[in-house]
Amino acid sequence: MSDLVSKVSPDEMAVGIDIESCQTLPASADPWSDSFYRENFTAAEIAYCVRQADPRLAFCGLWSAKEAAFKCGGKIAKLAPREIEIVHEPGGQPRLRLPNESAQAAFGDYQVSISHSTGMAIAVCVKRSQTILVPP
Amino acid sequence: MSDLVSKVSPDEMAVGIDIESCQTLPASADPWSDSFYRENFTAAEIAYCVRQADPRLAFCGLWSAKEAAFKCGGKIAKLAPREIEIVHEPGGQPRLRLPNESAQAAFGDYQVSISHSTGMAIAVCVKRSQTILVPP
Amino acid sequence: MSDLVSKVSPDEMAVGIDIESCQTLPASADPWSDSFYRENFTAAEIAYCVRQADPRLAFCGLWSAKEAAFKCGGKIAKLAPREIEIVHEPGGQPRLRLPNESAQAAFGDYQVSISHSTGMAIAVCVKRSQTILVPP
């Protein structure tokens, strides 16, 4: 062990998990005009969810992902739900996006995953640790 | 690739997940005097759970977190449930605490997260990998 | 910060989660002769599941683990379910195995965990990040 070239001081890795019943979210024929959805989801998120076969279940998944991100603690836990945007890659994979690049750099890097079953959604969020090297 | 200054030998990262129905845990009017709760939870955990709106659901969450920790395998899997204490930060975030500091150092660093829905709890536990640097 | 010996360029860490109802999988008195099970599970997986108290729930857990792996994205998402084999350590811990050693090296290292409750399974998969060191 004496020949280690340096020590490693890892930044905080963190994990959050969430399970939500769709019943948690208000039923709404038009989420675009519903105050709950307008306050908690971005326009891009609403546009994504209303395109899905079961919009309420889709919203439930995004809600679950935001909750999982909050549960990672730290700076991200102080954001409002609408400030944590869940976008989808062309292949369908969800990705967490913060309001601007400086927030993204300051908050660190988060990975999310979402899954649905009958009437419920679960999500997990992991904050990637950042390894900082210090001289021996 | 020839100009890498060193190789990296990461310690084992590990992950465990658990889902539990509250029905798994015995109903009890007084967990303080119930052998199941006394054997599997610390005094601090019992004190925390009986203060919650739904004590059995709270116990179910802690139980799920302990199970998720066991599923990470390795040394932690050999502990008794009562030796893996789940404490809560002032902000409500759960944290896994091992019996003493030397165990904490030897076992590595675990992050847990817990979520509840109607009558069930889920939890995830991630063992942080520790990067050890070796000379090239 | 000026005395850092090197920068670190981490490979992509990734996470996937999945929840499945057993109803998703076809009921079968003999999975060995059922095309769904033969197409999606290896012989070792079928042999494992039919030995369990509730074979369909066991298959549901493995299916959930494969889905969680797909959700990590990247190269592993292009495999067929049968190419992601879930084996079990002597202690019962699940482990993800790719078809051959070169795939395992190229795809990176995945950790999985599975849990069951009444009629459903959940799983999480984490792709370990690989730290590559570059000279300062």
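Each chain gets a letter, A, B and C, in the order it is written, and its residues are counted from 1.
The criterion applied here is as follows: a contact is a pair of C-beta atoms (placed from the backbone, for glycine too) under 8 Å apart; a residue touches a chain by one contact, two chains touch by 3 or more.
Since the model is a prediction, treat every value here as computed from it, not as a measurement.
Taken as a graph of touching chains, this assembly is fully connected, with contact between every pair of chains. Rotation angle for the C-alpha superposition of chain A on chain B: 120 degrees, rounded in steps of 5. Residues touching across the chain A-chain C interface largely differ between the two copies, under half of the numbers being common to both. For the pair chain A and chain C, the distance between C-alpha centroids works out to 22 Å. The multi-chain contact residues of chain B, meaning those touching 2 or more other chains, are 5-6, 17, 120, 122, 124, 126, 131, 133.
Listed in rising order, the residues of chain C touching chain B in the complex are 5-6, 17, 89, 91, 93, 111-118, 120, 122-126, 128, 130-135. Of all residues in chain C, those touching chain A in their complex are 3-6, 8, 10, 13-21, 67-68, 71-73, 77, 120, 122, 124, 126, 129, 131, 133.
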